[in-house]
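In what follows, structures are represented as structure tokens.
Look for chain A in each of the two complexes below; its partner is chain B in the first and chain C in the second.
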Partner chain A sequence: MIALMDFLTVFTQPELLLLVGLGTFAGIYVGAIPGLSVTMAVSILISFTFSWDVYPAISLMIGIYMGGVYGGSRTAILLNIPGAPSAIATALDGYPMAKRGEAGTAIGVTTVMSFIGGFVGIGVLALAAPLVSEFALKFQPRDYMLLAILGILLVGSLSQGSLVKGIFAGALGIAIGAVGRDPLTFAERFTFDFQLLEGGISFIAVMIGMFGVSEALLQLHHVDKDAVRQKITRIVPSLATVKKHLPLSLQTSTIGVTIGALPGTGGDIAALMAYDHAKRVTKNPERPFGDGAMEGLVAPETANNSAVGGAFIPMMTLGIPGDAVTAIMIGALFIHGLNPGPMLMIDQPDMFWFIVGCLVMANIFMLIFGLTGIKLFTRIVEMPRSVLIPLIMLLSIVGAYAVNNSVTDVYWMLGFGVFGYFMRHYGYPLGPVILGVILSRLLDDNWRRAIISEREDLGRFFEGIVTSPLSLVLFVSVILIFVSQTPLWSKAKARIFKDGKAKS
Partner chain B sequence: MKRMIVGALSAFALTATAAIAEYPEKEIQGIIQWGAGGSTDTVMRSVTPHAEEALGGTVVMQNMTGAVGAIALNHVAGSEADGYTILMGAENPMLYKIMGLGDKDYGEFTPISILARGTPVLVAHPDAPFNDYAGMIAYVKENPGEVRFGSTGPGGLPSVITAMINAVEGELDVTAVPYDGDGPALTGLQGGAIDVMPAVLGASIEGIRAGNMKVLAIMDTAANDKLPDAPFVTQFNEGYNTYLPWGPFFGVFTPKGTPDDVVAKLVDAYSTAAQNPDFVQLMDDRGFTLMGIGGDEADAFLTKWQQGTAWLLQDAGLTKASPEEFGIARP
Partner chain C sequence: MEHIDPEHHDGTSDATPGGEVDKRRPGELFFSAFLLIASLFLLSSAFGIENPFGPNGFSSPRSIPLATTAVMVFSSALVLFKTARLPLDRAETIAKDILPPVVLVFAMFLVLYGVVLRPLGFLPTSALFLIAAIKILAKRNWVWTLTVSLGSLIAIWLIFRIVFSVLMPAGIVPEAEFIQFFRDLSNGGAEQ
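Let's look at the complex of A and B:
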């Protein structure tokens, strides 16, 4: 009963309600601008809310977090520039929809699906947090490594056309991710003795350049053509549409909440894995994936928003951050005199239920703010290209600079923009590059951790995989997914089917 | 010629007005060496608002990560020594030179305040087959290479503590598994990916309280009032008295050459802030020892810290260059 009271705190205090709303609203716009990240917004808020009480401070932060994760989809759909890494997969099918004049529908579906995903995440947090965090802790370095390999196999679904070009792009991404001082041994890699390269290449700069600048350059080809007229007949998706996608959205939410709960992986990987899952299970999409398939929006958007609830699971139960934003929130709790850790749930259960309440409220606000003002937003795509292209460039430059307040990042961004333009021109997909950069560290660090733990003995390493049920499941999935992408699989399938028919 | 004189005169006039004008007359940039949410970040973000109050100005804090903090350090070292760009960092830059990570350290800076110091502690997974420091040493000797220690790269706290153990007990055959920070390593410890982790008390205290990890020994010469029942390492081996007490620290620095009155104001502001009850409470909760020293006292502390740690690592064979090359005397 006390839990219920704590849960309802946020609903009964207008001041807190207002702060959550304000946070969500601001989050949507901060999230929509590439380079302005939720992580950054929340860390600024720590100083800003220093003298406040803990409840209002947390309310505002949670609002920004929830709104920001959703907001990244806006620019992904409208301009093909993901506002945040977790919206990369959203751009793949969202932007083609906008090009067809269906930006309104795309944003509508995205909003409702984010809302559903958000609730699944919160539900799991509220009902099964200790269980999930126990499971998440079971992941050993070798399991993270297998997860990263599983992620790299997504190259197949992210590259339309030539798989070889996709693999090349993925490998390039992994190499880009490895530049700089290796965080484990501090050895320099691909730095060529330039001090500039020691800190590595900012992943956000690569993303903004590859998507934003290359898009602007590509648009220059059509500068004299008229912009696509947007039809804004239906923004809120019909109940039938929601119902149709409900099974998929529940599956992808589960992926989201699990990946979100793992310390070290977050919404970006969750969204990409969910996209891949959708591509695998959807037999007959109305439109092919990459061409504006609704499922291609449903999957990543449910996953990245359910990852929010997921990220709070290890934070609340163990004091271990589930992602960068929850890491900062742990700092904020410390500053406000709490001791986040395994004892927080026991010492101060009110905090847990208060956070759950805030998340619920933020999720509702996200739906409200998300569905209003869409008409205004879709106008962006209708702007003449002579206005739109400079706008994209401006956004990209500001975004790249904002990440580290460094001009170097702007140069990187522009360089990768030009490079991305040529890659597109020659039919190299950009998705796998970003995938490679995201997974590079995860794969590299955990492979080394895993093999060092086994005293660099491959035999012991494989023994570990076979004896741990979790590793075994992941390992078998890697093999199956890999084989399913080779010609071997279709041959085997054909034979099995033939046999089946012969028998019947 | 005339133009030069006018130029020189106006430059003189400018510096003169700058000196007369009350510092701070604009925002101060505080560059935090480590990422948001980490120990350094938390400490700096909680002390600075109190310092702002004392200073009557604004300090805009910004995280600048990369290359174990060297990027932030070089950035501040390269900015103008006017007190408007200050560095908020931890202990590790003192080891950059000998670790081959950079050619600058806090020697390029004037310390404003060494705020607090942490106490290292050896923690283990609750299922580990030993319950205290002596048990661990015995187990490692019986099972060479089997015990996995967490590490955070050369020069990090775990590497220093491991070097200390090797110096006192003789070479121990343990497997060092690298992590990119003590947070992820302690997560790995709780999941059983590593067995033992030398960590700072503040980062592990909540896990210890909950029984998710057990204390093998506090790496100090006396019991800690946060964990009064936990054994301290000199109980097991007197040899540690040579090296302890040792610990990581947090400090605020300004480039050398900053005007004295500006330094004095900053020192004053941060030493006032370090005594703020809220901050004292926070440091105590996190298991840090409050220091709040500035000026010559801080300089002496830094020199002693660098000498002790650099030579310890040198003797353990972990350095890229000898401390002697940089004029770091053997303690």
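Let's look at the complex of A and C:
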């Protein structure tokens, strides 16, 4: 009953309701405008909202997150430019539909499907998180350590690009997180005797640099690209269309929420996997995939929105982010004095139910804003990049400065911005860096706790891993990620498949 | 899962760019070498972390930094090795695809911004930055440039100063007095 009251908090306070609505509205545009990403928006926003109370700050960020994941589909359909990584798969069939003049239908179906997917994700979050957190109380420090490593590795291996670069990025993040005085022994780490570095590097500066400035610098390459106008007619889809695709949308929602719940993997990967799944299970699409198949739109869009709810599961129950945005949200909760993890669910269940309430509300707002305001939308998206890029840069600077009122943070932000720019160019994923920075402390603490409880004996430590089923599963998963990237694995796979073919 | 590379060149850089899979981008070898050297430097620095309260065992403050920097050295060496074996992408050049002049100019702008932010203050610095940046990028006439840049600066200032109460360095503009003046004005109006 108390849970219900907490859940309803957001509905009863007009101010919070307004913030969720505002966030969702802004999120749709942020997601839709290429060059503005949800990660960027949320990381800049943290620095502005940190003096607020925690409820309004969270309301705004959740709105942006939910709206942004959906908003990316708009430009994917209209311009063949995914506004966000989670909309890459949407462009494959959405744009062909728009070219045929069915942009309205495509947007309508996308909106309704995102809504359905969003609710599946939230439902699973509400049901699963309390169970997981109860289970998580049994976790040993070594399990947390393994989970953190798994999260960083997953984000590196499943995102497109090479695992080695992902591993490098994750390790770099952990190292950045370790800069400063060690909280347990007060030993200086990576400070090079600079007093400046003793307090560590502000993770907000790292985040804004990597996702704000580096993105803006990269967008300078595309300044001259013009926006394309599209005529949009009717967008509310017919009930028959929705009904027809409901079974597929439920399947892909399940994929989405599962992928979202894995530490480190979010909507972008969920969408691609769901698209793959849709291709396999749809026997006779009205149009072939890649040529404007409705199924190719339904699958990624349900999956990426259900991944939002999924991503909150490890974040709320274990303190391990489900993707880059939730990593930043964990940072936000830290700033507001909350410590996400199993104890949060027990000490402050109101926080959890409040977040679930916000997600529900954001999902409803998304449907409303998604099906209306198309005219306004096309006008805002046409905002020229020549104005947008300087504004992003300015906001990044203000954001980095605002947290500690320090110009040093601005320099860190610029430094990481330039570094991130090169990392993007040379194919290093940035997600693992942020995950590493956020998880550095957790990893360090839990490793030391684990090894101290085994009296500094590595043998006993591994014995502990092998004898506990949970640790063993996590450990094997970590090993599997490595093995799956070596030539050995592809050889073995080739051999197995060859055998299979020979037998059939 | 098929590999989708939207980088060439439609503007979706969010989606992990990185050029062609089987080719080396210009400057990539240098960047990999730089990462390896930096990692080695960090590794040696991690060796220097001393535990003030006891031996530098597995539970000391040195262990995780040592492990992560070792991973960095190993992975960056592997990347360098792999990169060195790839053929150079002849279709790309540093000046066109990696570091075009406009990016250099903007990076410089940002550094300058950081330098003059404190002495000059937020409003004048940002105004200069926005006017210069928008003029260079949009190549439109001065009236348009000034309207857009100053208009958006005022909007940003109002939102962040008043809604988010972010205090930026005031510098030469008497911001606080300015706001107080308007407050007094509206309060005076309310009292009457």
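We take it that the second predicted complex is superposed on the first by the 269 of 504 C-alpha atoms of A that agree within 3 Å, B and C clash if a C-alpha of one lies under 4 Å from a C-alpha of the other, contacts with A are read in each partner's own complex, and residues count from 1 in each chain.
Going forward, contacts are C-beta pairs under 8 Å (C-beta built on N, C-alpha and C of every residue); 3 or more make two chains touch, one makes a residue touch a chain.
Fair warning: this is a prediction, and the values are worked out from it, not measured in the lab.
S.K.: In the superposed arrangement, does A:324 touch chain B (first), chain C (second), both or neither?
M.R.: So A:324 only meets chain B here.
S.K.: After superposition on the shared chain, which partner residues are touched by A:340: those of chain B (first), chain C (second), both, or neither?
M.R.: In the superposed model, A:340 contacts chain B only, not chain C.
S.K.: Using the touch definition from the top, say if A:171 reaches chain B (first), chain C (second), both or neither.
M.R.: Second partner only, chain C.
S.K.: Could you tell me if A:482 is touching chain B, chain C, both of them or neither one (first, second, both, neither)?
M.R.: neither
S.K.: Check whether A:135 is in contact with chain B, with chain C, with both or with neither, and answer first, second, both or neither.
M.R.: neither
S.K.: With both structures superposed, pick whichever of chain B and chain C touches the larger number of chain A residues.
M.R.: The larger set of chain A residues in touch belongs to C.
S.K.: Name the contact category of A:377: first (chain B only), second (chain C only), both, or neither.
M.R.: neither
S.K.: Once the shared chain is lined up, is A:185 touching chain B (first), chain C (second), both, or neither of them?
M.R.: Both partners, chain B and chain C.
S.K.: Which holds for A:29: it touches chain B only (first), chain C only (second), both, or neither?
M.R.: A:29: touches no partner chain.
S.K.: Give one of first, second, both or neither to describe whether A:11 is in contact with chain B, with chain C, with both, or with none.
M.R.: neither
S.K.: Looking at chain A, which of its residues have contacts with both chain B and chain C?
M.R.: Correct list for chain A: 51, 184-186, 405, 448, 452.
S.K.: Taking the complex as given, what residues does chain B use to touch chain A?
M.R.: For chain B paired with chain A, touching residues are 35-38, 41-42, 45-46, 48-49, 61-68, 70-71, 74, 99, 101, 145, 148, 153-155, 175-180, 183-184, 186-188, 190-194, 205-207, 209-210, 212, 278, 281-282, 285-286.
S.K.: Could you pull out which chain A residues touch chain C in their complex?
M.R.: 34-35, 37, 48-49, 51, 80-82, 84-85, 88, 92, 159-162, 164-165, 167-168, 171-172, 174-175, 178, 182, 184-190, 192, 213, 215-223, 225, 268, 272-273, 276, 384-387, 389-391, 393-395, 397-398, 401-402, 405, 407, 410-411, 414, 417-418, 421-422, 424-429, 440, 443-444, 447-448, 451-452, 456, 458
S.K.: Can you tell me which positions in chain C touch chain A when the two form their complex?
M.R.: On the chain C side, the touching residues are 1, 3-6, 9-19, 25, 27-28, 31-32, 35, 42, 45-46, 49-53, 57-65, 68-69, 71-72, 75-76, 78-79, 82, 97-98, 100, 102-103, 106-107, 110-111, 113-114, 117-118, 122, 126, 129-130, 133-134, 137-139, 148-149, 152-153, 156, 160, 164-168.
S.K.: Along chain A, where are the residues that touch chain B in the complex?
M.R.: Counting only chain A, the residues touching chain B are 39-40, 42-43, 46-47, 50-51, 137-141, 180-181, 183-186, 195, 198-200, 263-264, 314, 318-321, 324, 327-331, 334-335, 337, 339-344, 404-405, 445, 448-449, 452-453, 455.
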